[in-house]
Structure formats: C-alpha cells, structure tokens
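Got a structure for you, written out below as structure tokens; questions coming shortly.
For clarity, chains are labelled A, B, C, D, E and F in written order, and residue numbers in each chain start from 1.
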Amino acid sequence: MQTFEYGSVKIEVDEDGFMQKPEEWNEEVAKALATTEDVKEMTEAHWKIVYYLRDYYKKYGIAPMVRKVCKETGFSLKEIYDLYPSGPAKGACKVAGLAKPTGCV
Amino acid sequence: MQTFEYGSVKIEVDEDGFMQKPEEWNEEVAKALATTEDVKEMTEAHWKIVYYLRDYYKKYGIAPMVRKVCKETGFSLKEIYDLYPSGPAKGACKVAGLAKPTGCV
Amino acid sequence: MPEKKRKTPKLDELEKGAWPSFVKEIKTAAEKNAMADDLLGQLERSYEEKIGHWKHGGIVGVLGYGGGVIGRYSDLPEEFPNVSHFHTMRINQPAGWFYTSDVLRKLCDIWEKHGSGLTNMHGSTGDLVFLGTKTDELEPTFKELTDLGFDLGGSGSDVRTPSCCCGMARCEWACYDTMALTYFLTMHYQDELHRPAFPYKWKFKMSGCPNDCVAAIARSDMSIIGTWRDDIQMDKAAVTEYAKSGMNIQKDVVGNCPAKCMEWDGKEIKIDNKACVKCMHCINAMPKALSPGKDRGACILIGAKAPIVEGALLSSVLIPFIKLEPPYTELIELVGKIHEVWSENGKNRERVGEFIQRVGMGNFLEAIGVEPIPEMVAHPRENPYVFYEEYFEEEDNNG
Amino acid sequence: MPEKKRKTPKLDELEKGAWPSFVKEIKTAAEKNAMADDLLGQLERSYEEKIGHWKHGGIVGVLGYGGGVIGRYSDLPEEFPNVSHFHTMRINQPAGWFYTSDVLRKLCDIWEKHGSGLTNMHGSTGDLVFLGTKTDELEPTFKELTDLGFDLGGSGSDVRTPSCCCGMARCEWACYDTMALTYFLTMHYQDELHRPAFPYKWKFKMSGCPNDCVAAIARSDMSIIGTWRDDIQMDKAAVTEYAKSGMNIQKDVVGNCPAKCMEWDGKEIKIDNKACVKCMHCINAMPKALSPGKDRGACILIGAKAPIVEGALLSSVLIPFIKLEPPYTELIELVGKIHEVWSENGKNRERVGEFIQRVGMGNFLEAIGVEPIPEMVAHPRENPYVFYEEYFEEEDNNG
Amino acid sequence: MAEVKAKRKTDIGPPHYEKFLPLIIKENYGKWKYHEIVKPGVMVTVSQSGARLYTVRAASPRLLSIDKIRTYADLADKYSNGYLRFTSRNNVEFLLTDESKIDPLIADLRVLGHPVGGMANSISSIVHTQGWVHCHSAATDASGIVKSVMDELVGYFTDMKLPAKLRIALACCLNMCGAVHCSDIAILGIHRRPPKVDRTKLKAMCEIPSVVSACPTAAVRPATIDGVPSVEVIEERCMFCANCYTVCPAMHLNDPLNDGVSIWVGGKVSNARSEPMFSKLAIPFLPNNPPRWPEVVDAVRNLVEVWAKNARKYERMGEWINRIGWPRFFELTGIPFQKEHIDDFKHAGLTFKRSTHLTH
Amino acid sequence: MAEVKAKRKTDIGPPHYEKFLPLIIKENYGKWKYHEIVKPGVMVTVSQSGARLYTVRAASPRLLSIDKIRTYADLADKYSNGYLRFTSRNNVEFLLTDESKIDPLIADLRVLGHPVGGMANSISSIVHTQGWVHCHSAATDASGIVKSVMDELVGYFTDMKLPAKLRIALACCLNMCGAVHCSDIAILGIHRRPPKVDRTKLKAMCEIPSVVSACPTAAVRPATIDGVPSVEVIEERCMFCANCYTVCPAMHLNDPLNDGVSIWVGGKVSNARSEPMFSKLAIPFLPNNPPRWPEVVDAVRNLVEVWAKNARKYERMGEWINRIGWPRFFELTGIPFQKEHIDDFKHAGLTFKRSTHLTH
C-alpha cells in the first residue's frame, strides 16, 4: 500500500494510484488525483464525467461500459481521451474514486 | 359443468368428478366424494392422506409426487391403492379437493 | 344407431385413393355403432374448422390401477353426445405383436360390446389401443379382457408397455431373445406398470440387433439392443455367389463400412473384427454370406425421449455388452438401482435422460454403482470445467 | 547489476537438453539487466513454491491510449525490487512477422535502454512483446518506438492486433493477399485498436487458404480464410510424376477426400469440383500437381474464442465467399455493422460469438442485414422450437 | 361393488406370446439362417433346418374397425393357419408355410384395398399418432395427412426401387408420440400462437407453480388478474412447445388460423453404416389444408423424388444429405432457406458451420 | 509534459511489411507456383518465374533476450541478406536465395543450440503462454514445461517421419491464450480449489455485481461479512474457471497444493480432410513438478509414440482417434478412464455415445 500526497490531500492508493478507501473521496482528492493523469485543470467537462461515473457506480455497483459513458455524457471517445489522456478506465475512473477496473486486458 | 349431489352436499364438478370450487371443500364434501371412488368409509388412514395432500398443496400450490406421499404418510403404494382404489391421483386428490392432476398420461 | 347417414363431404375425399382408408374404417364401424358415428361427425367438423374438438385430459381408470386409460371428453357434447366420453384403453399387446385369428376375434367381440368398435393396431408405444368408450364401460371391459387373459398397458408416470422386434421368432439376426425378455420385464414390472409412482414415464424397448427395428434408441428410456462380441460369421462360398450375381462388393459393401475395417481383393472379404463397430451394414447387404458372431448379447442404452421440453434425446450407452438370459438378475438389479436413484432425486416430469444430464453422467454412474468407461461417450469432454470434489488443505502438506 | 550470481538450482536444470533454453535467455539478459535478474530470482522462487508471484492486473499505459500495456506488479517487491513493476508492452508486429536485421537491432536498442532486455517473439495474438518494464519507462519507450515507425498493439476491450499467415509473400496457395489486408485493417482500425470501447475484445486473423496457418478459425472473432470457387488447377504431367514416384494416390489422396468427389483410374485423377469442399488435402499432398482454382477470394467466419466462460467456440461461416481487394469496402461495411450491433447490444465481457448465440444467429443476421443461407449451418435445427414472431388474429380471417 | 371386486383379476400381464406362434416358428425359434426378399412385400426366412417361413406384409391404416380385424382373421384362417402379426410400423403380416398360397393371399388383399409391400428399399407405412381423431393437443390431423401422402407414394410401397429404406413418420404436436424425431421424413404438427390463458378457469383447473415451471423459456409468469391468481404469457418468449398446456388445460394453444405442419428430413434410427441421427428442419410451415393437405403431399413427394434421383445405393436420406451438404440439398429440392432453419435453442452454436468445408 | 505531448506520434500503426521483404519476395509476390520440403527444416518455394526462395526454419524458445535477437540479426546478415521472419508458431525463419548457404547456416544454428526442423510431418514448436514468468493467473509455468517436453521430443522436430503434423500447445490457465483448445496435444494448467476470498480487500478492489455475474455456475453470492459487503463461494458449485478472479483480484485461485496440469488430445485447426476439431480431455490431472515436470513429459511422449505407431499416413491425432474410437485410444495409451472424462457442462448430453457403434 502506498500513500499519495498532494497539497492537503493524503490518501492510500495501490500501485496504479487507485484509491483504497473510496469513502474518502471528495473534490479535492479528485483534483489531486487528476494531476497524476495528465489532467491540467478539472473543467466542468471533467466533473461531468466524474459525477456520471460516480452516480452510475453508486446505482449499479459497477463502472459503466465505455460506450455508455459516451452516450450518457455526450462526449465522443476522442473527447474523453482529450479530457483524460490516460482514458476512461485508468484516468477518469481513478479521478472519480472508483474501484480499479479489471476485466479485459 | 356438472353438479354432484350426495346427502346435504351439492357441489360443482367437472366430467371427472373433480371439484370446481376447491374453497367449498370440507369433510362432508370429502366423504361425499369418497363414495364415488369406491371408498366405503373414510377411516383415519384416509384422512391422513387427505390432510397431507391438502397441506402440501396449500404450501406449494401443487400436488406432491406419489413417492413423496408414500414417504411422508408412511403408507406403501399398495396401501394407498387399498385405501383409494382408483389411486392417489384420481382417488385421493379428488377426495382432498385438489385441482385435477394433469401431466403425464 | 343413426337413422340416416351423416354428410361428411370432407372426409369422403379420404375414401378415395389406393391407400387403405381410415375413414372407411370409421364408417364401417359407424354403421353399427353410435360412438363411431359421432366420432365421424365431430371429425368432419374438425376438418371444416381446422381444429380438434377434444377437451384436455380426463382422469379415469379401472379400480386399483393408476394408468392404462386415457380419459377424453368432447368439447361439443351436445352435438355429439355419443363421444361426450371417448376414453381409450391401452391393452398390453402380446410380445412381438403375434396373434391368432381366434384371439383377435374374441378381442373384437369385447370391443363390439363395450366400445366404439374402433382400434389402433397398434399405438406408438406398442399397445393394442381400444379407441373410445364411456366411463361406465371401463370396468366391464377390463373384466372381460382379464378373463380373456389380457391386461391394461401403461400410461402416466409408470413403466410403459414394453415392446420389441420379432427377434428370434422370425429373424436370423436376433442376438438375444427379445420376446422372452419383453415378456419377462412386462410381468416383472406389473406393479410399476399399473401404479404410476415415478417422476415421469419409463419406456423399455427391445431390438434384437443394431438395425433396431423398434426404434428403441430413439424412444425408450432403456433401449436394449442386441449385438455380438466375436467375429462376424462368414460363408465364403456365399460371398462368391454374391460377387458373381453382380454385386459391387467394393463399392457397396466395403465402401460403406463405417469402421473402414473391411477389405475386398476381388475374391475374399477380410474383416478386421477388432475394429468392426457392429453396424450391421455388411450383414444386411449380404444376409446369406455374413451374420453376427456367436458370442451374442446386448448393449444397454439409456435416456431416449421426445423433445418436450429440453430437446429430444437418443439413448446413450450404459452397458456396452451384457449376456441376456433368464433369470436376467444383473439387468433387474441395474434397473432397480436406476429406478431408485431417479425416483429419489428426479424432478416431477423429468425423464431419466434429462435427469442424467442435470446431475451429470459421472454422478449418476456413481449413484447406481456402475464404473465409467469410454464406451459411454462419443468423446471425452471438450471443456475444461471439471468439478473436482476434493482439494488439499494447506495443513495437509503431503499433497 | 547484480554483484554475484544468483543461485537458481531449479532453473539451472532447464539449461540442459537439446531444445533452446528460455532460462539461458533470461540469464543472458540478467548479466546486464537488473530487472531480468530479479525475474530470474522470482521465477526460481515460483519453481520452489509451485506458485506464481505476480499480483493481479495493473492498469498502466501511455497517454491517449487505453490499451497496449499489461500492468504487472510483483507480490514480493521487497525481495525483487526490480520487478516490483514489470509491465509488458505489446508492439504491433509487421504483417507476416517479416523483419530485417537492421530493424530488429534498433528494436533491441530501445529495449536495452528502457526495459528488461527480454521479449516474446511473438505473443499468441501476434504482437512483438516487450517483456517487463517500469511505469516511468512506458512513455519514453513509446516515443522511441513511434520514432522508429512502430506502434502499440491492442489489449482490453478493443480491436486486438490483427495477424496473418505469410500468404502471397511465400505461399503458392494464398487465395487473397493476407498481409495487405492485415495491414489495411490494422491501419483502418487504429482508433478502435488503441481506445477500448467494445463490450470485449475483438480479434481479426487472416489465413490465405483453408490450411489456416494462423489458426484463425480457432481464435479470432472474425476469421478470414482464403478459398476458391472454380475448379482445382491440375498439372496432369505432375500427377503422373507423383504416381511414378510411388505415391499411393488411391489410398492417400483419393481415399482421404472428405467429399468423396475424386476418382483415380491409375492414370488420371478426376475431380467432381462441384462437390469438392475445398479442404486442401489433395493439394497439400500433391503441391506440384494440384493447386487452388483461379477464382480466388475468402470465406468470412465469425465468433471464435477460448472457453471462458460459456465454452470455447470455433468461428462459423458468415460469408461463404467474398472477393477481397482494396479498398475492401464491402468488408469494412460488414464489420462496421457487426461492431455497431454488438456494441449496442452486447453485455460487458461478451464476445461476439457468445452474443450471437444469446440473441440467435437469425436475429443477428437480420440486425446486420445479411440474408440467412444454408452455408451458415452445419445442419438446420433439430428441435422444433421456432420463435415465430407473428401470428394471425381471429379478426384477420384471410389468414 | 364388493362382489365385483372380489372377482377382479389384476396384474396378469399380457398373454404369453407363445400361444400365438405358429408351429414353424416354435420349431425354428432362434434357429433362422437367412432371409430373402422374394418380391415386394414377400419375404422368406429360412431356418438352419431348411424350414421356410413366408411373410406377406400388407398395408394397414392402423385405425382399424373390428370388422376389418375380423377380415384379417378370416384371411389368416384361409392362408396362414390363423397366424398373423403386426409390425412395428403397423403393417399386418401373414405368416405362411405354404408358398402356393402367397399369390392368392395377395390377390385377396388387393381386392380388400390393402397393398402388399413395404419391404426392403421401399417406403413403409407412416408411423403416426392420433390427431383430431382423439388427441387434445393436435395441431393437425394425423390419419388424414397419412392417407393423402400414402395415396401419392403407394407406388414406392409396392416397389423396391429406392436407393434405401425411407421411413416417414407423423406426429400431430411437439410431444412427438412416435419416433418422428429420427425419421427420413417427419411431418410434424406445430402451433404458432402463444397460449391464450383461460383466466376464469385457470385457478380451479391448474397448479400455478406447475404451469410456471413447465415453460422452458420462462414465458409464463404468475400474475393476479382481477384479484384472481392466474398466469400471464410473455408472448415474445413463447416458442409454442405447449408444455404449459400439457400441465394446464387453461392454456389454449390450438388455433385454426396459426396451426399447421412442418417437414423434417434426414433422421434415422438404425446403426447401419452411420449412427442414428435426428431429423432436421426442411420446411418450417405448411398450412392445414384438409381434407387432403396438397401442400404437404407435394412437399413430401418432392423430397422423396429428389432423394431417389440423387442418392447412391444404401444412402438413407440423411446420409445422402451429409455427403452432398445442406446447401446443395436446399438447391436441389428448391426449398427456400430461412431464418427459421437456423437453430436458436440451447445447443444452437453447435449447429453453425464451423469450418470452410463448402461447395461454391 | 505539454512539450512531450506536442511531439507525440500516435496511431501510426506498424511499419508497412514491404519494408522488410527481400527482393525475391517483392518480385514474386503472389506468383509462387509450388514448394518442396528439401529436408527437415528446409523448404524451397518456386515461383512461376523460376525464382527459388529457400526457407530455413529453426526452433526458438520464444522468450528471447535482445542478445539472441541480435545473434539472429547477425545470422541473417551473413546468410540471407539480412532478411528473416518468425512463424505463427514462433519459430525463426531465414529467407535465403543462395542454396549453398543453407548448410553453413544450419551448422551455425546448431552451434547456437537452435535445431532446424519443424516442417512437414514433424512436431513444431509448442505454442505457449506466460506462466509464472509474467501472468497472475497461471496454474502452472509455461516455458518450463515446454522446454522439458521439447527436450524429449526434439527428435520429432528435426525429423519428418510422423504420420502427419503434430501440434502441441500449452496454456497456463483456462483462459487458454493461444489455440490450445484445437491442438493435437494440449497441455493446460488447471486450478482445483475454489477461490479463497480476500474479504478485507474485496470491497475496495472489486465490483461486487461483476464478481457475482462473472461466475457461470452461480457459485458466487453477495454476502455481508462482519458488516462489510463481500461475497461468498458455494464450493460444490465451483468448477475452477477463475472467471471471478479475472474480474476481482480478491478471489485467489492460485494454490500450490492443488494446481497442476491436464492433457488434451485430438484437436485440429486446418480444414484438410476433416473439419477443425476441439481437443478432448485425455488426462484430467498431473502434478506441478518443477523444474522438469516428468509426469507431463512422460504423458506427452506416450501419446506421441502411440499415435505415431498406430496412425495411418495423413491421420492427425484426432482423425486417428475418430477412426479407432475412444475406447481403443484409452486402451492403447494405457490412460485410465475416469468420471472426469465425462462431460457434465452445458452440452454434455451431446457427448454421450448415442449409438451401438462399439468395438468389443
């Protein structure tokens, strides 16, 4: 287990930098994590995705499929990669404080 | 729809003599129906089977399999046929006021 | 007796043509029998309306039996009162469907008195079917039948009437005595046949050789099919005869051998009997020259059924080879174990073939105490999903 | 760099023997590379303990891509710190796995600098696998790779790196240009390859003829296998040569034809080409005498996959024959429709082959706009359970 | 009642078959050596002892009046010492010892309208079921179609010129009484409309849990309708198997507008050459068109003719199709291939063409 | 970062293959006429133009150090103008135009310890996967078994005396990376112990609904343990597929006491003669016995030898078994048949022997 510190934020993360205690998530944490994913600023668009992911996860207990994220947020896949250069799974889910997506690699 | 009358009992039955309104069942009805199935007297043994069938039916909404009837009542198949000469399905179920067994013929 | 003839313009069409007409049969019966006449009327109606007019099910029978009669009621009883009841009685046929003129006439007399005068010779399971009578007639008919030495067959969740090919009575290929076994099983399981107590029906069918002339493998829960273990018997002179008569032995006999275990050099047939799969083809093609070996017996297969509801099944090999001679102890013990396991664990309306698939053949074999052998499978599993039942614990270090 | 050599008694055993030793490879790399050395250590540990020492998963990558890197962390990072990170990079191989010494050396140089110095030539999907590096090295390696003209391959729920047999580059039987198509598809689907957005992975594999030298039918969601429509080409003189050289044409060639459509009269081979199923056997056996016809193209099959989780599947025929030439419009449109229907309706982690089984091939075909034809089935249905979608209502009397 | 009961005989089983065997069979039981088909419908079975048993096989409609049975008995008395039998395909067989009586018997049978044949490479009688004559489940009639088809094919019964045996079977509903699922040609009655639930009667007539669990596709769900416990049917899920109806009379499947006939091909039972095979769907639907079902008759005749013309000697329908492939089968028979042909039940995936073995 | 990003090239795909083709291939691309196997591992492909391309195929362990790759490059420079390729089974091939260089190349390869062969009726390299070298799922190692087995079978690689090609593949877990499910002989790592749930970490690491739905047998159920949402495993239902582990790191399957190897036979991929076939279970379990897995090596050698001795020319393993039947296969190989061989998964019923085609 590693500790990630940024500004006032101090959280436990795994090797990939995913939060270990999702209940500690807040917007500050999100901003802090965003710095590790090549996101310079958390714009409205960034938050939209983050909150979509969090809502979905709360409701279903799983992360949505990528196609669903695009459909529901209105962003194309390209736009999502522009917002989160390491992609929806590694980038956006991490910032949103979700469990690390496993499944298919 | 036919009507079956015996003593004070007057109930609706189908062609095979099965009750059409099972909610009207009572011991009098049972005794009346028993006369049609070559049962001369409703002994304790007869009632045991009737009540086992009714309880099972109430609980599961279906009639029990024959093997189960034997096991749970302690009567052998032969004994059941002695008690109800037309057998568990036609004889006992009818007297017990169950829906007509369909299934496999 | 009907006063004047019914009008049955549709059915009349089926009196034409070279094939024997069932309509003629019904009409013949209808001349003397009101049930048959009302059947004609109701059937004509079905032909007009393109729909049957029988109500669902019906549960009638004779005393002390749970099966043997199929209850049937018309849904147009006012119009066709004589078929308002129209139950069939399944009469257990003599093994192999052999009769004398004498006994047939006596059966006819009974049915003339008590029923529609119509029959099926025979039903698909093998019974002699008395087609249509009233509830009140069941007991009297039954009495006369038993007096004549006949009994009812199966229906419902019981042992169904066993049936078999003519076997040794008339066929040179019978590898065991199908009729004797059929008679034996029918008598042995009288109780199970008349008093349904299984999860569902159980059918036995006996064929004397792999030609399977009663379609046992397709429609019986236990299919007993004759076969042999040693070399095919060959009459070389007869082979030569066939060759001379113009038979293309290479193409038509050897070329069709599924085991590719035959050779023909223009003079002699050579068979690698170890590889032969006892398919019967070469024997069928040259009955005078070839015949099954001398070490004869049967293969026991299990689980055939029609498609309802998980899809049709063919029986599959349970015992590749067994000698079948009275008192058939081994067979009866095997069947007993199967009935026990299936009755105890089968679901309602679950045929044994479906049961085996649900619990797994391996578990089923374990339960009935039969060793698994490769003869039972077309091929071993293709998927890697083995249910291992035990594992080593960490403590258990000598694993 | 390790000071003194590790003790790896178990692995040392695998340096013995005539087959080239992967342990030697790791040791060679370990001489100069600490990652390789710790790999050796951890592997020896696995050999002692009979268990792997890698943690589950890991999600790392390069910017802008969702796939191409498999994250991997040791579960013994204290003991083997140099493999605490040990990610593999999947480098998209050149179609057909052709290289020059020059480009190989440049690839080695990159990996010497940034990784373990160990590779797989190649991974089972076809990628050139760079085996093991740290998170920090991913971007720099990627930059150098792209500078050399290489790119990452697929991983995750994306188009996986397409691969193919050498086809026209070196094989006389190639019925279409496998390498050209592979290159085309790889370039066409760059976005889908690098940014996973499907329900699950999608693999393309291209074989030039039914010999299927990349096992396309067994392990690709879309298997494109060359075949032909016209007559097998025959060089009669060469046939005679083969016969003279002692080949048993009757037994070994004709006798193995699955369509039973060949005849050999001792002089000439006759083929009933209408019946030939293009299995390749006769051509394989007599490459100088026989070859595929001139009207060449490919058969497109769909849906192969490994067993997880509903059991393995082989691909099945979707388009029996298609001409495959640039710009491959028809193919691309077809794939587009399939991707759309599958992406829209597939469940998470549902391969297209499983998807088709779940929704029914008939419905799938309707959705992608392809007519059902008998070539798509081994045989029509055996069960009577047809889902008719419409029925007539009583009012609708002209039914 | 008690009186009757005292006298009742039960569980006596059928009479022993030996009572009905002619002497020649008793003497040669299990000792037969070979047989020969003498001519259509006539076979001689020769014993090791040299004894010769002649079998004459005649068509029977299976549905027989007692009058006809008495006629059979008379014929048996006249020609075969009173001995006769029926076959597993419901033909009647007379067991003769006197060769000279064969032709007179055949002549009598001809007059009676019962063709002699059905042996060797012929079409034997159609195994069939009850249909509208007796069954509540029937999606079509049985006897009427059988009669119509056999009127058309009778020439193949009285002759032996086919490549192999051809077995036709008919079942009037998916229960498939009889082995239609393994026939060279199977004629199968089918429903195509989901059950109409008789709500008012359901509760009294049926066990709701049984109805629900009877449905293989979970199309039947418990539902309370107007306060009464009942069931509802999700129509898209229904594949018309009628299993719900079997356990519950209130689930009506029979429907004149939508019921009809499907045709199946290529099954077999014997182990000769190839292993037993299921029949496969050839024609998904033909209308019920009584009294003579011309569409069904045409379809069956076409199948028989195309097979007869193209199959090799000894090739049963299914063996022939396996050699030429299904695409060619559909081409030769002119039957259009449709979505319905493609399996979508449990093992569907295994029926897809998983190779490139194709003719083009 | 921004700077780096500006310069980043992405989505360029692999280099075009033409860059790596020798001139002779460019000139004769698509114009090859026939090929001939000259000797083990050496093939000549002849063009319509008469041009002759020589391929020399050498074994490779697939797991290659950059040093070895550089050595390959050197050899290519020396013998094949710098051109080489790898095959779909991970062998390395040198593409020569000068026939006289074949033998010197072979000599150099021999010194290097890379046998030449793998063509025609031989055993080629074993397709395999990561094992303990890189994968988290591995129930066994890959490279170690491959090395041990090929040390034993190398003679079949350098020779061409087998009845047909024999393809061996190995996968270290049921995910079956590589086409092991369609191999003549497949070596497959298997788990035999249900997952041990890491309760404390599960919630943080996994999506509970995904874990539950991942299990094909519904052995995984949501459960709250000590107040924490988690899952439990019904052990009797588990068939060790590890799909739950794939989606959730907290479901540990790897287990030194119970993991091991199973052996499968008779699969094939090509359409030559017979259609492609899946491999079938031959040996349910052999222990993990590193470093040389003697039990596995013996089992594979036995299979190869029995097949080599009994199969007819052109008969792949599966084709041979289909001819002789599985009972005979088990008899000849001496492998005991057990309960585990009998399928009990979805299509189990279809794998039972549904005929009397048996040898006795």
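The rule is simple: a residue touches a chain if its C-beta (ideal position, glycine included) is under 8 Å from a C-beta of that chain, and two chains touch if they have at least 3 such contacts.
Note that the structure is a prediction, hence the values are computed from the model and not measured.
Contact with both subunit A and subunit C is made by D, F.
Path length between subunit A and subunit E in the chain contact graph, taken as the least number of steps between touching chains: 2. The angle of the rotation superposing subunit C on subunit D, based on CA atoms and rounded to the nearest 5, is 180 degrees. Centroid distances built from C-alpha atoms place B farthest away from subunit F.
Both subunit E and subunit F derive from one sequence, and where they touch, over half of the residue numbers involved are common to the two copies.
Spacing of subunit B relative to subunit E, judged by their CA centroids, is 38 angstrom. Subunit A and subunit B have CA centres that are 66 Å apart.
Averaged C-alpha coordinates put the centre of subunit A at 33 Å from the centre of subunit D. Among the residues of subunit B, those touching two or more other chains are numbered 38, 62, 85, 100, 102-103.
In subunit C, 55-57, 63-65, 70, 191, 210, 212, 217, 225, 258, 278-279, 307, 311-312, 314, 348-349, 382-385 are the positions where the chain touches two or more neighbouring chains simultaneously.
Shown for subunit E are the residues in touch with two or more other chains, namely 5, 174, 176, 181, 210, 216, 241, 246-247, 249, 255, 271, 275-276, 278, 345-347, 350, 354-357.
Checking each pair of chains for touch leaves A-D, A-F, B-C, B-E, C-D, C-E, C-F, D-E, D-F, E-F.
Every residue of subunit B that touches subunit E in the complex is listed here, in rising order: 14, 19-22, 38, 57, 60-63, 85, 99-100, 102-103. Every residue of subunit E that touches subunit D in the complex is listed here, in rising order: 174, 176, 181, 188, 190, 192-194, 216, 236, 238-241, 255, 257-258, 262, 266, 278-282, 284-285, 323-327, 329-330, 337-346, 348-360.
For subunit A in complex with subunit D, the touching residues are 15-16, 18, 38, 62, 65-67, 70, 77-78, 81, 85-90, 100-105. Interface residues of subunit C, counted against subunit D in their complex, comprise 307, 311-312, 382-385.
Those residues of subunit D that touch subunit A in the complex are listed here as 55-61, 63-67, 70-71, 73, 85, 155-157, 191, 195-201, 343-344, 348-349.
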